[in-house]
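Below is one structure. I have some questions about it.
Which chain is which? They are A, B, C, D, E and F, in the order written, and residues in each are numbered from 1.
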Amino acid sequence: MPSGLVISAHAADFVWRSGGAIALHAREGWDMHVVCLSLGARGESAKLWRQEGMTLDRVNAERTDETRRAADVLGANLRLLGHLDYPMRITEDTILQLADTIREVAPSFILSHAPGDPWNFDHELTSRVAQEAQIISQAKGHNPQVPSAKPVPILMYEPHQPENSGWKPDLYLNIDPVFDLKRKAFECMDAQEWLWDYHTRVALQRGNQAWLNSGTRITHAEAYQTLFPRVVSSFPAI
Amino acid sequence: MPSGLVISAHAADFVWRSGGAIALHAREGWDMHVVCLSLGARGESAKLWRQEGMTLDRVNAERTDETRRAADVLGANLRLLGHLDYPMRITEDTILQLADTIREVAPSFILSHAPGDPWNFDHELTSRVAQEAQIISQAKGHNPQVPSAKPVPILMYEPHQPENSGWKPDLYLNIDPVFDLKRKAFECMDAQEWLWDYHTRVALQRGNQAWLNSGTRITHAEAYQTLFPRVVSSFPAI
Amino acid sequence: MPSGLVISAHAADFVWRSGGAIALHAREGWDMHVVCLSLGARGESAKLWRQEGMTLDRVNAERTDETRRAADVLGANLRLLGHLDYPMRITEDTILQLADTIREVAPSFILSHAPGDPWNFDHELTSRVAQEAQIISQAKGHNPQVPSAKPVPILMYEPHQPENSGWKPDLYLNIDPVFDLKRKAFECMDAQEWLWDYHTRVALQRGNQAWLNSGTRITHAEAYQTLFPRVVSSFPAI
Amino acid sequence: MPSGLVISAHAADFVWRSGGAIALHAREGWDMHVVCLSLGARGESAKLWRQEGMTLDRVNAERTDETRRAADVLGANLRLLGHLDYPMRITEDTILQLADTIREVAPSFILSHAPGDPWNFDHELTSRVAQEAQIISQAKGHNPQVPSAKPVPILMYEPHQPENSGWKPDLYLNIDPVFDLKRKAFECMDAQEWLWDYHTRVALQRGNQAWLNSGTRITHAEAYQTLFPRVVSSFPAI
Amino acid sequence: MPSGLVISAHAADFVWRSGGAIALHAREGWDMHVVCLSLGARGESAKLWRQEGMTLDRVNAERTDETRRAADVLGANLRLLGHLDYPMRITEDTILQLADTIREVAPSFILSHAPGDPWNFDHELTSRVAQEAQIISQAKGHNPQVPSAKPVPILMYEPHQPENSGWKPDLYLNIDPVFDLKRKAFECMDAQEWLWDYHTRVALQRGNQAWLNSGTRITHAEAYQTLFPRVVSSFPAI
Amino acid sequence: MPSGLVISAHAADFVWRSGGAIALHAREGWDMHVVCLSLGARGESAKLWRQEGMTLDRVNAERTDETRRAADVLGANLRLLGHLDYPMRITEDTILQLADTIREVAPSFILSHAPGDPWNFDHELTSRVAQEAQIISQAKGHNPQVPSAKPVPILMYEPHQPENSGWKPDLYLNIDPVFDLKRKAFECMDAQEWLWDYHTRVALQRGNQAWLNSGTRITHAEAYQTLFPRVVSSFPAI
């Protein structure tokens, strides 16, 4: 079966931004892998920090639990790399490790962040890290004893304030068949409850736009920006 | 069978820039339609004008003949609208007529020029005209007795100096199965013989880039920029 | 009292895109003026055209009625210029007339469309027309017997697919105090019922972003892109 | 001797924006030609319109006189085409006439406006007109009895608010040898006295930047954006 | 009283680029804080290095003295962080320290460099550092025992060659009431005397543009580009 | 004699992308210097790695030999800095060393990579490194005992997929007099034989565009994007 790989800055990004794609392909039998560089404990767990006497360890434990449950709902294999956030710093070792993950998983696509997000430099860094790992995965002289990867399409999911982040969607994915799963995964993320309805509405707005662009009635969609050109053997018939 | 529509500023643009797409789909049985707004007699027939005593009528006759032969080679139905070039001016009537053509042909895609070309304002205008015709074809109140069209993807083929025309390819089409036909169509265009080898090399360079982006050996390709987002039900497996 | 002016391509654009700003300022006693270049009868009244035996006259009558009711709900003075849509064409006369309207109304701001919208060339044209009218309103030699206008800020409201229309919001307006009125105005626009919930969600998403950018709890907002730089005497204290 | 051509929207644009280039080359014996599409009577003669009982005829007479004197100071041949401004509208005839002017003058460069100026649509139109005329001048089938022009570099001079007009200078011209003439030409333009010092400071700021980019002490400069790539046989030695 | 914070790459940047904003708000009783990452000793003290036998220590001493005097003139509290310049390198520690400064100062705005400056990578880095510090200051899990900051507007002052640095002003500040102080602060910066008149002219050019955009006579202004959208409760009346 | 400096990410970049400029100026007696940050052993030597039992040392030896031969053919002095590639990491020390090289060589131009290349982050880094070294070379306080450099034009050669790398050529160099040498240098690079014909075609396409832009028959050209504005004393006559 084919496989897909998601490289997520914080624990919950993959849920809000690409949970539909994960569930959709997992349901069809794909091997879906999610790597979270961090848990988002410092910068994306505000609700937890409002509790009296909260500590980083407790936030980490809570976020780990939430994330595992969400990944299970979506049907993804989860790897938590345990880096810090706000600020995130990633060394060359982690990038090489991700390159090896790409070789091992041999994904048909990588989902990750877009390069611009002036509100969230961890997202920008993760975008860069995912891209560099993909480049290195193809270098025949990197770990030459392991076969190098083929070029992999990188699809960049939606930032929170897309117009001011330079992100332009060129690909809408109909997620109607799995939106209930995506919503269920939202509800695993207790620390960010304020985003459940926000991202439900994102799915509805993208669904409307997908309908307008296709002429096909779609209710929920996810939007992506494609990093590299795609290559085809013929154009699809409508 | 499905159909495709090309809206070309001058007689030969469709040959150089999308001849592969035309031949490829025609060969598979698609109805391929080409509309040429002009013959390019004034601005793109320099070789003819170098002949002693040349007149506009003779250039038009020669270009009409070349264009018909090229369309035949590629397997396209050809409509010559007979507008002038350098400068081209298009009235609302022609745009409405093109909107009706889109309804009639019901293409799965429209191929035309990209919006920017500082060396060729006829190309810019044709891009605009094709886009406006597509918009109107969907308006239920335009010729309400005829069913309105569905949204149609517009693929913008390559300008001559792409980097300074703001054009960015996001779609490569493998045209290896038909490159011999494309080259044969080139050779119908006597008035622009200097472009035969130029566009053969374009096909080879785009082929190389298609290979790099896909990991699949491709020799000849055409490159396009997609105007609207596309909508899919799942991502393709590699 | 101060005044504001909205220049809207079609009958309903001002409702979806700037109904909050209109109601908010009208409620505070401002003179709010709306000019609709067209009724959107051909291209933005799909629901009406689906009725058996519909005619342009009947669509116009229905849209006129809807629009008047919505303007009343919002508290705006309405001028319907009666141009056609899909395609819209505007002559110099209308632009000069709008320049005179700007002089007469002396608005503190003009709300209109943004310059880019590849799905809707009437919106692009209206943006251009509004901008040119504002420029001419300042020319001392245009109708020199009437005092020329001061420079007026132009705020460009949201297109339907903002990321691919080149629109970037730099100004969020809290419309919580009037969102019920805005929704009530939505419900006057029977011909576009499918947009009621869509634009309710737009208001909620923009409200969330306004909250994030201000640190102040806001539920509903409208977003705008400012055309010209603003000039201040000091920066606001938080 | 070589020649240069300036295509100016209003009477004074060529003075403020390219007076140095005109004087510099005229002084070296070049034939310098200036075409003014309009006198700027309606939109750029505010000081005159503040006089009691002013009429369009009197503004035109005054502006014609000023412009002729400025052109004389700079050493330019002047053609006043007499179009209106604010708004300017240019028909195909004028563009063809300009194409013929380009063939006749055979300039080594064309100086004109840049394509973007949200404060001044006459400037945007003139930029477009100049570009289209240059394109047509090369079309062998336009007036085929006259030899077609060679490609001519178009250098776009500075708009008033450059950063928000999308203009980026890539070429600085040292105008120290003629700045006194440029200033003298400023002082012919009585109707826009408020710009004399403004454009003197522009020359000084551009001079400073020219110094920084070259390492050569320059006091006054003009800045231009080049439309087309230039072609060289070797790079210059410092 | 409210407060403001300036994060400046080199000792003198805050003077040239935002001295007016500092003096204006200080005069109104605001607490104005300036942090200089470096003294600019290596790259922005050319006049000092032209003296015989100059050493880094002497340049540092001179620049420290100049900077303190300028800050006093403007009414700012000054912190000199003592990093090196040309090249500047900033570690995570300094960024976290700046995040804490933002929490402590609780500024209503942050003034700093814009992200692009191909002539000055220290400026680019400082822009990035200021933005990341602001992001971290809001992260509840960073130093959770200290209350997190609210979102703070970042206003990016003018680079030296703005058009080629991608900077676009959207906000002009009238500094007429304090321009004499700003000029006095210029004159403290002996090491960069060549910039006194340059930045006086910048203030005059920006003043002219502020006048054009507001219709209000303004002589001296500073221009800024706003990083994040602003949020308002109503639009201002003219 | 004047000199030029090329700063190349991998061993072969200078050959494909600027071999014509190197040979052309070397032939005229210029001192042409090439610095290769790396040999491209890991990421750009695929053909070698396909050999059984290949090791990094053997790849390095082969690439060193190829590169020396190509530099000899072109007439360049070669410095191999020996950094790794895929990923490349460059410390401050190397940048300072390059700044000193710029002072020592005193080049009339620097040729290097453009800032964007989503397929090749080593190219992006090299562009940044070259720019920062050039900035530091001008700082009087860097190694103050050595005279600082003058500003040097940076010309950015062509990436492999230019339209999607944000690169726009503004300068074409006619390399017809030396194309045979450039091709001979290609043929030294055995490890990348697949690029010989590709870059031959690049030279032909750029030659065609150079011809179109100049009106002068040119067969082979190289294209460059200029980083900084150039400064001139007059415009060239055609």
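In this section, a residue touches a chain if its C-beta (ideal position, glycine included) is under 8 Å from a C-beta of that chain, and two chains touch if they have at least 3 such contacts.
Because the structure is a prediction, the values reported are computed rather than measured.
Of all chains, the one whose Cα centroid sits at the greatest distance from that of chain A is D. Inter-chain spacing, taken between the CA centroids of chain A and chain D, is 52 Å.
Computed centre separation for the pair chain A/chain F is 37 angstrom, with centres defined by C-alpha atoms. Residue positions of chain C touching 2 or more other chains, listed in rising order: 119, 164, 169, 209, 212, 228-229. Under the stated contact rule, the graph of chain-to-chain touches falls outside the line, ring, star and complete shapes. Residue ranges of chain C in contact with chain E, taken from their complex: 2, 4, 21, 24-25, 28, 30, 106, 108-109, 150-153, 155, 169-174, 209-210, 212-216, 218, 221, 223, 226, 228-238.
Residues of chain B touching chain F in their complex: 119, 160-164, 167-169, 197-198, 201-202, 204-205, 208-209, 212. The part of chain F that touches chain A in the complex is made up of residues 41-43, 45-46, 49-50, 54, 56, 59, 85-87, 89, 118-121, 164. Of all the residues in chain B, the ones that touch chain C in their complex are 92, 95, 131-132, 135-136, 138-142, 144, 227-229.
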